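Each structure below is given as structure tokens.
Next come two complexes built around chain A: one with chain B, the other with chain C.
Coming up: the complex of A and B.
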């Protein structure tokens, strides 16, 4: 795919996002001009961009959408719920078309075409009479024309340039023109012979002709296109419906190979445009291009000099143009950078952090005061560079949150519920790679809340609650983590039903006494998704176990808190970035290990105990512990004094017994590679200042496998002597 | 005696690095070899098969190190002054991966023409037959030419590690000293 097209795909998706957001806004505030203009602008941008990369499917569909939007903007039709829904449908369809263009559409061409035809038919009800989509002519009578942006011309405008090989293929351009006559009356026709070489060089077997035709007819665009079907690949064909806007004509002029001014004159002659319209249009278009194309500017000047356009008109056009360029200038403050360049930069910064640590280590071993001072200055700068470059990758989470407006709206329609979505902390920033990966899990959680959490309005009213449910998405930073909450004020989790299901599936023992928290945690167990709950909305897609696994892959956690009748709160905790973490270095059996600092609560000396069991008394509470020396079968003698790092993970506390503590460090995470992909308890590795590789502990997995080991040991005591 | 399966010998490089392992001579095609470094600073990884010695820091990249003798089913190499790590670059499943192998001593780079390469014996080499690419004749002696893609197959090593990791619970249990 070429670069231009890639830019198009990316930009149109952005525009479609904007379009969707604005449409949802419009539904709430139907009279808001700014929103309406924004919608129109987005649709127009998509159309223009599609034309630029010759993506005809998107362009023509967007054009029809734009026509209806234009009528909305001109108050010819009113904003209704149905229309907004239809427009949202069109947005989706455009998205599919764009995806199709990118080759990533997940539906068949037939489906797309059927969908397109259905939407076009629906749009037809809102379009002006005699438009591309057939509407009874009578409707036209009531339509008031706006002369300033719509040409007062009732004919189809057909612009055709036959390819050089048309004659050779046995087709005569004249036949097509004659055939056109059968559809309607050709009002005016201009023959273009611009590309005809001098007679001496002319090849009589080649076709050099082009035509600008004005056709009065009540057929639809397809019928006209069909005439040219045989030569569709060989010729350039542009068809403008009657009453197209001046801008469309100008676009047409621009896109054609012939000289702009000359074409403009032709259009005036065939009656498509009036001279005024042309002049104004050309003027508006000429100004941005003035710097590169002085001759185009001249057209405007000439026109002014000839008093074809009034100076006020030009002034207005200039003012409008200035606004546009100011907006452009704002856009220019953003630079698009390929993601792999950023990744490379962050890798380099990672190396810099390691090298910096090595230098400061060296300085300390040399006991050179000046060197220590300069290396600490260096370290501080490196730290700043690290933070700044990591920030380059961060994006606001609001964009992800905003997508849920649409989901909530559609889900409410489907389920007959009334839910308002409240978003807090949308400006919270986090790593782009994380944002991309939490979209789906979040979507699942929101769907679950809508589907199972929030009750129907009648049920809510009966329970004495506001019939309108509230779904809240919160985001904030907390101690090196980002916290995302999905809160609903619905019925809450049904403790007994979950427990019954879990017992039924053999996930827990029937006699087990579980705390509320443990029971709620069961919803993440694979296979608990209860069959009777499957609906269109949340039965499909991923289960809660997949949500949890996705989050764990991002080194994140999820917690549930629920109160019957009051609602459910799901709390997601994610690291800010995946590349560099703050770690706590510990040493056991002469080997270095890194514990993620955000998991560390405190460090204590291993309390004296007579027994050899792995739990301690931490200020009156029982603290289970994992001994690294035992777990990793490390060689060497146990030192006389050991330390315990108290870690907290997913609300659980545990101790990790190590030989000694070695302080905090910034750890650049180095993946261990495919060979170690099944390794449990180790999350990755990092390189210390000394050049030594240290392993980063995966606390939750480590605690889990230690627990399992103990269970087995109890079950099979003979292993004890192995 | 040139009834040699044509493909591996002809497509394989003519230059080989020879090295000693447990007193025996082995060779690896030179095109796979990235560099040879002195043995040292290997960080052990817990709960993996014994033939994975650990990882090293190779100029900022973390590279796993395999003990070849142990991979062939024998004892781990004793580390001596001449022990080296040969860094071999592999491409498996379109992914590039560097792996280090521990050898007792590196000897020399030899040119072995295809005509001097015999097919592997069907048994008797005490090494899995698919690990052997062929038997090179050097000064009247046989050198085992290794099929590195098989010996260092990431998929195979990963699944072997998995068996150990799944059994790690037992290992862990075994590691707990008697109370």
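Coming up: the complex of A and C.
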């Protein structure tokens, strides 16, 4: 695919996204001019771009869409739900057409054509008189060559009086004459300067010239007229075909402002008429023929009218577009960079961090003061470069959220529900690679909420709730993580049904005593769906476990919180970046571990007396303690004084018991291979300045493991002494 | 100078012009074009789209025309057949002529030849 095509594909997809967003906005605010104009412009740009790359299918379809949008913009037709739906359908179809152009369409040509024909038929209803298809430009009726009733003259006669502003519009009258030469040969030309005022009154920027031209050429009238197309409205142009009747010339003479006799002489001079023909003609036709006159006047009137209207139009347009232009000004500062270049940069920065750590380690072992100082300056800069380059890859999550407007709207139509989507924190930024990967899981969650969560309007009303359901998407930063919440005010999860289903599927023991949270967690188990009916959207029971797996692959977690009758809240926590983190290095049993610094609250010492307990006392607060030595079965003797790193995750606190603290570092995350995927409590690995490998702890998993162990002990106290 | 918000249009037209031996400066918005003009670009010809977000082409033409050194520079605007009424407006703003999108290399170059001094 050549570069132009690629640019086109990318651009059309962007414009289609914009089109879709604006169409959805239009449904809420049908009279908003900015939105209407934006919609029209998007369709227009797609059409224009498609024309440039000779993509006829996209161009012609976009053209029809544009026609309807133009009428919409001019308030010739009203915004209706049906029309909006149709336009969304057209957007989808354009997407398919573009995808087809890229060779990635997943449908057959026949399907595309059938779909296109159906949409065109529907669009037809919105055209003027049920017709929006642009009729191909009617071929200008060829000027009939009048059989010669006189001899000699075989030239076109062109009579032109330029408008006074032609120079100010950047045109040079001379150019037209030169261009005429390319069509044929100018036999004769007279320059008319009759309207030129005296030198004192003359404005050198105005054009006072007129020409009478005799052109020998084989082109048709249209070709000659086309040359003057740009000045057609301001100038007086008359083109007489070769061998025109004398009467036509006389008519022309009458219609022109200059003195009749003088013009007659000029025409004789350029060879259009003979002196005899002129004399005879003027005699026989005493009454001035003014056939052309009314037309000329009309054009003038229209021009005047338009010039009167214009200042107001412009003022209104300026007011309307102030907002838009601010946004555009921001856009203009953006540059496009291929994602793999950024990835490469981030990789390099990662290596730089490791190399920097090695240098700094070396400086410390050499005990060279100056070297230490310079390497610490270097590390600070490296840290800044790291943050700045990671920032390059961050995007706002709003774009992902906005996609759901369409989903919610369509789903509501399908399901007969009424749901409003509320988005908070769309400006929250996170790594693009994460954004790309959470789109699908999020979509699944939103669909689930629409499908199973929010009830039908009638059911809601019966329960005393607002018949219109609310689905809220929240995003915010929290301790080095991004938190995304999907909240619905629907019926909530049905605890008993989930449990019954889980027992039926053999996922849990019928005897087991489970907390609410554990039961809710069961919805993430494979093969569990409580939806009574499988719908288009969800209920096939393959979703939630996939969602959780996807999130876990991103080092993220998902939590469910639900209250019967009040709704469900799904909380997703994800790391901000997948590449580099600030870490806190600890050592246990001579092995190094990294705790994400964002999770660390404080460090305290642990007296030997508390060594055998799995809890500890933090200023009167009892917190669970996870001993790395025990959890990972590390060899060696316990040191006399252990340290506890107090960590916080998702509102929970715990202590991690380690042998020794080794300070902060930047950890370039290297993912663990597939073999280690089942490992719990380890999130990845990193390479230290010394070349040693350190494991990065997965705090959420560690806290969970310790909690589970504790609960097992509570359930079966006999194990405690074992 | 070529001003258009569509990257496809910019790339294709500038390609045609460059091949014909023109030196092309592109701008992806009227604001961008204004900035480049302010920075000292003195084009022999300006080709601009009319329908752009932010400052539209007609406003842009007016602004350019107000500069004393660009008062007589030929200005062409890009238009489509469906935008007839815009032509009058753009002409009143000071445009010299128009190019109907999508234009073939041939029409594009002959139009330019018509207006270029």
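We adopt the following convention: the second predicted complex is superposed on the first by the 392 of 722 C-alpha atoms of A that agree within 3 Å, B and C clash if a C-alpha of one lies under 4 Å from a C-alpha of the other, contacts with A are read in each partner's own complex, and residues count from 1 in each chain.
By our rule, contacts are C-beta pairs under 8 Å (C-beta built on N, C-alpha and C of every residue); 3 or more make two chains touch, one makes a residue touch a chain.
Computed from a predicted structure; not experimentally measured.
After overlaying the two complexes on the shared chain, residue contacts for A:168 are found with chain C alone; chain B is out of touch. By the touch criterion defined above, A:67 lies against chain C but remains apart from chain B after alignment on the C-alpha atoms of chain A. Of the two partner chains placed by the overlay, neither chain B nor chain C lies in contact with A:217.
Using the contact criterion defined above for the overlaid structures, shared-chain residue A:176 touches chain C, although it does not reach chain B.
In the superposition on chain A, A:4 makes contact with chain C only, not with chain B. After superposition on the shared chain, chain A has more residues touched by C, the comparison being chain B against chain C. After overlaying the two complexes on the shared chain, residue contacts for A:49 are found with chain C alone; chain B is out of touch.
Contact with chain C, but none with chain B, is seen for A:229 once the two complexes are overlaid on the shared chain.
Shared-chain residue A:695: touches chain B; no touch with chain C.
By the touch criterion defined above, A:632 reaches chain B but does not reach chain C.
Chain A residues in contact with chain B (one complex) as well as with chain C (other complex) do not exist. The touching residues of chain B, when paired with chain A in their complex, are 41, 43-48, 52, 54-57, 60-62, 64, 92, 95, 97, 99, 154-155, 157-159, 161-162, 165-166, 168-179. By the touch rule above, chain A contacts chain B in their complex via residues 351, 354, 591, 611-613, 630-634, 670-682, 685, 687, 691-695, 705-706, 708-710, 712-713, 716, 719-722. Contact residues of chain C toward chain A in the complex are 5-9, 11-13, 15, 28-29, 31-32, 49, 51-56, 58-59, 65, 71-75, 78, 80-82, 88-89, 91-92, 94-98, 101-102, 113-117. The part of chain A that touches chain C in the complex is made up of residues 3-4, 7-8, 10-11, 38, 40-41, 44-45, 47-49, 51-54, 59, 63, 66-67, 70, 134, 137, 167-172, 175-176, 179, 205, 227, 229-230, 233-234, 303, 306-307, 310, 313-314, 317-318, 321, 324-325, 327-329, 331-332.
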